[in-house]
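Chain naming follows the written order as A, B, C and D, and within any one chain the residues start at number 1.
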Amino acid sequence: MKLEEATRLSGETLLSFLEEMLLIRRFEEKVEERFRAGDLSGFLHVALGQEAVAVGVCRTLETDDVIASTHRAHHHCLAKGMTANALMAELYGKVEGCSGGYGGSMHLYDLANGNLGANAVVGGGLPGIVGAALAFKMRRQPRVAVAFFGDGATNTGSFHESLNLGQLWTVPAVFVCENNHYAESTPSRDHMPIADLTRRAEAFGMRSIVVDGQDVEAVHAAATEAVAHARAGNGPVFLLANTYRLTGHYVGDPQVYRPKGEQRDLRATQDPIPRLRELLGVDEDSWSALETKVAATVEASVEFAKNGTDRLPEDALLNVYA
Amino acid sequence: MPEITYREAVRDCLAEAMRSDPDVFLMGEDIAEMGGSMGVTHGLVDEFGKERVRNTPISEAAIAGAGVGAAIQGMRPVVEIMYQDFITLSMEQIVLQAAKHRYMSGGQIKVPLTVRTQGGAGWSPGAQHAEQLEGWLCHVPGLKVAFPSTPEDARGLLWSSIYDDNTVVFFEHRTLYPIKAEVSDTLEPIEFGKARVHREGSDVTIVAIGRLVHVALRVAEQAAEEGISVEIVDPRTLLPLDEDSIVNSVMKTNRCVVTHEAVTRMGFGAEIAAIVQEKAFDYLDAPIERVGSRFTPIPFAPVMEEYVIPHEEDLMAAVKRTVARG
Amino acid sequence: MPEITYREAVRDCLAEAMRSDPDVFLMGEDIAEMGGSMGVTHGLVDEFGKERVRNTPISEAAIAGAGVGAAIQGMRPVVEIMYQDFITLSMEQIVLQAAKHRYMSGGQIKVPLTVRTQGGAGWSPGAQHAEQLEGWLCHVPGLKVAFPSTPEDARGLLWSSIYDDNTVVFFEHRTLYPIKAEVSDTLEPIEFGKARVHREGSDVTIVAIGRLVHVALRVAEQAAEEGISVEIVDPRTLLPLDEDSIVNSVMKTNRCVVTHEAVTRMGFGAEIAAIVQEKAFDYLDAPIERVGSRFTPIPFAPVMEEYVIPHEEDLMAAVKRTVARG
Amino acid sequence: MKLEEATRLSGETLLSFLEEMLLIRRFEEKVEERFRAGDLSGFLHVALGQEAVAVGVCRTLETDDVIASTHRAHHHCLAKGMTANALMAELYGKVEGCSGGYGGSMHLYDLANGNLGANAVVGGGLPGIVGAALAFKMRRQPRVAVAFFGDGATNTGSFHESLNLGQLWTVPAVFVCENNHYAESTPSRDHMPIADLTRRAEAFGMRSIVVDGQDVEAVHAAATEAVAHARAGNGPVFLLANTYRLTGHYVGDPQVYRPKGEQRDLRATQDPIPRLRELLGVDEDSWSALETKVAATVEASVEFAKNGTDRLPEDALLNVYA
């Protein structure tokens, strides 16, 4: 990927990326903590290590561009404009939650910000993104629809059918593959017979762009290009971001399947946050200030969530039909 | 009043909706030039073009899912799954996505999608092109299910499906396409959850859907000759279901037979029987009988196929057994 | 007699079958090192290796279909669909292929495949990880369906599933995995189509499956204190179904409540109600009540989730209403 | 495709291919005729023009190698050893039919000859072929499993999941794509965004071989190579045979979607039978003899079928369970 001068970001912008990534990081750590403390129920998948992909991509999008996310969705949600309050409140099952307590961690929606929902079905969000993009095209709206999904999702029939249809109809979609090299416990080499995932896009003649998902600036540049391509009516792009999951698949995962030391090594070498901090030369003071600010937001979200309104049992009967 | 076929009724409704509303469009395999495998969409591509009458690849999951996505954006897509057997390939998108987005989002999302599909035995299509699966969909909160038996109902219910803010799975029966009947001059939307009483009677209620409504009508004629007065109720929409009309009818006749082409076991008739025995318990003079296909896949050889699916004789026998009781 | 958990019962059966028969092998997502999402296959890869405990890609259609193909060759594969919600992605292979090959081939083909899957609410998994879909599969001629509620039944029925020459869809319930109970010293296969009467009683029959068997047992205790004698019948296999045991029980008690975790509408209880009202019509002193989940997707917030799924109170209320009649 | 000397076929063998192809052709024409005469019910898809693919591939297979076929299956069945009698009797729904009258044209089985069945679900047979091949591999049997399918089928999720799994596990399978450039009424360019279908195999790192499907010798050579590759344990092969459907999608198809003259042109230029006849220099007399022989077989099959035993209605209750 050649970084054009024009797409280089200002230090200020990058600093705001850093703050957002740090917010996601501390939010996710808080989720782990609150789950372990017994506050949260259900199934939680955090995105520790994958912050740069969410931020880099979503900061190229307009509010009315849409995304579909996955079971691992918190980072996408925050990056696409959801407040930490609305997200945390949802994890606590409160009325104030982004899905009013009906969804939970795998079903986070924020229609006003173009978030069409996390999805607990691997690959389940992709066909809908083709449909959304088709609607934009038919209505001649200059909007883009973005699907996030993992390496594991590329093995689903839905992935294949969606990319095929999206390319056939040249809809304005971007398919962002967060290749974190694992599907739950299964390393990529055990779930797919190829190392280079861009070959999958070639099955549809789809353009692909590969990027280091731990480098937010690079992700942003790649996404800018991908989104521009799609928005201009040139059809979808497969954006492959190589990234790392710096924690278990789900909160509580003992990770028996991980080679010893792998996670420690990855944390030392592949953490996008220290990398950006270094690039920007953020000094201790500014860093502390950032940490303090972010911690306050996260703490506030927990307070907000805890003080949120509980659902009435019979609220369960609402919202089944429009 | 004009007479049109069931096929034309579906087509007319699609055409009228597309004419008046740019948000309505169609997706499905071979629906454009070929007009679909049953000729239902014949000619629509000429009027509306390939952008709105979209031939798709053979990708039942993506077809349904693209419908979900477009619907969430406020379009009113009508997607066609060529044979209902193939909704087995769309079930994830229909059941886990279309049906649940609204609920999972706490009411933020609407999915005004219509999934048209057809099927049915009686012409030797074999076991993978003849299944009747409407029962499955009725087990899914968030979906609506329609299964019209006449041209008028097909036209009016399809219109209501398109304009329903929820996902509707709309079942058509292959052998009904050529049937002709009068329809009102202008398209009248038909409200979901309102049964049609095709014939009033006093001795036994037949609850029938799809093709079996016509079988029931013939049986009722025959029965009348033998002095048995049959009332026929067609729920038309299975979800929501007009329980009141069915239960009230049984409270009057005190007997009930339910019939459909799907296999009896776990077919929609089980739900009808369960509801009726619960709500009209004190009124029932005979057990509710179910008349559906025998518990086999649909065989190819016509002689076996005929044996498996329900016919006049089967329904008549059930009516007589029921009336003979008590 | 040893005590083991439901989880161990499933695992022991798989281990014993693999130990004694090279044709038995496992396929599923993350079943090897991780032992499956519920830890059921924990440790099996150590004993049997990765060739026989095969981690798969996320490809529910191919997983089921590879099972079909291997089974036709005479292997006895046991495939795991991680959550039963995801059988929506395998339905074509299960329903149009596994269930029908034998019939469509005029009896040439056998598909001795076992599809294990699990699910269930009660731990806030949300709407796409908690559905109960056993009812759908009972609508499919050619399939068999098992849903054990105890360790002994899980072990014995799973063995019979593996050695059945037909495809069996084997449902486990997430919240049953940790329950412990005595099992016989050696694995005893359990014949399909034989219900277990968990408790004898004279006032009302509860037909219960899966988790609800345990709810029913607690309700029966309570009811006994109030002078109501409850008989509990667990069909264990839903297809084939031991209709006789159910109907005979109701002929004795004259009342019936059926309960499961699936939504009531079009749930398996509808079939039970339809059968019982037909076969025990003259014996029924009260309408058959159905106790299942309310007609909504499974909500996330625990307070709503609890409200939606059936509990002791719901079943007890139905029992009392039923007994109060007539 | 380089044709190795060693794989060159004798004139005698090629003559037997010609006979088999002609048999398929005349059989299919008879099917069309009998359908139009009202003898046959159901849904019939004939393989006029695609004979060389079936014959070229199946003649490389052993009896205990297995195939899975599609809705368009007659040619595969005959080529894999089914008698015309058993096939025609099935179309007439007779006891003597290959599926005992339970199946029909889209459900033709012949287990003894390794035919695992036609399939009325596009893509539906592919996962099973992976499973069959896996069984061969696990049992260390030197057998190969072959899936036939069309260009349209490559758009299904099942195609993607099957090829992915087959390659991941390096099972002895061959995936034969009969690219006849149409899926029902839809030309390839309207149902897939690529012209070169081998890109689809690359999505799995699968070897592919492309062949002119109207040249039976070439098909046979390509299939020999593909089958050998798979049998040797090197994993599956995607064998792309470019071919033409010289008639409608189904018997009775008015083909309104076909450009005027296309079918006539194709019949003139892309018929594999005259092509082989010419190559072999079959003179009029030998040709007539061949025609006579084949016609007799086809006629006999109709007689056999008509005189076959009708099913009893209640036979429908058999064979649901083993």
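The rule is short, and it goes like this: a residue touches a chain if its C-beta (ideal position, glycine included) is under 8 Å from a C-beta of that chain, and two chains touch if they have at least 3 such contacts.
Computed from a predicted model, the values in this text were never measured in an experiment.
The set of chains touching chain B and also touching chain C is given as A, D. Averaging Cα atoms per chain gives one point for each, and the point farthest from that of chain C is the centre of D. The distance from the centre of chain C to the centre of chain D, each centre being the mean of the chain's C-alpha atoms, comes to 40 Å. If each chain is reduced to the centroid of its CA atoms, chain A and chain C end up 36 Å from each other. Residues of chain C found to touch two or more other chains are 56-57, 59, 61-62, 85-86, 89, 92, 96, 103-104, 126-128, 141-142, 295-297, 299-300. Shared interface positions of chain A, defined as residues touching 2 or more other chains, are 99, 101-103, 107, 119, 121, 124, 155-158, 161, 164, 168, 190-192, 320. Shown here, the protein chains touch in all possible pairs.
On the side of chain D, the complex with chain B involves touching residues 41-43, 90, 93-94, 99, 101-107, 119-124, 152-153, 155-157, 183-186, 190-192, 256-257, 310-317, 320.
Put simply, chain C touches chain A in their complex at residues 29-30, 32-34, 37, 55-62, 85-86, 89, 123-129, 294-297, 299-308. Within the complex formed with chain C, the residues of chain D that make contact are 97-103, 107, 109-111, 116-117, 119, 121, 124, 126-136, 138-139, 145, 157-158, 161-162, 164-165, 168-169, 318-322. Interface residues of chain C facing chain B in the complex, by the touch rule stated above, are 85-86, 88-89, 91-92, 95-96, 99-100, 103-104, 126-128, 133, 135-136, 138-139, 141-142, 239, 262-263, 265-271, 273-274, 277-279, 281, 284, 286-290, 295-297, 299-300. Touching chain D in their complex are the following residues of chain C: 25, 51-52, 54, 56-57, 59, 61-75, 77, 92-93, 96-97, 101-110, 112, 141-142, 144, 165-166.
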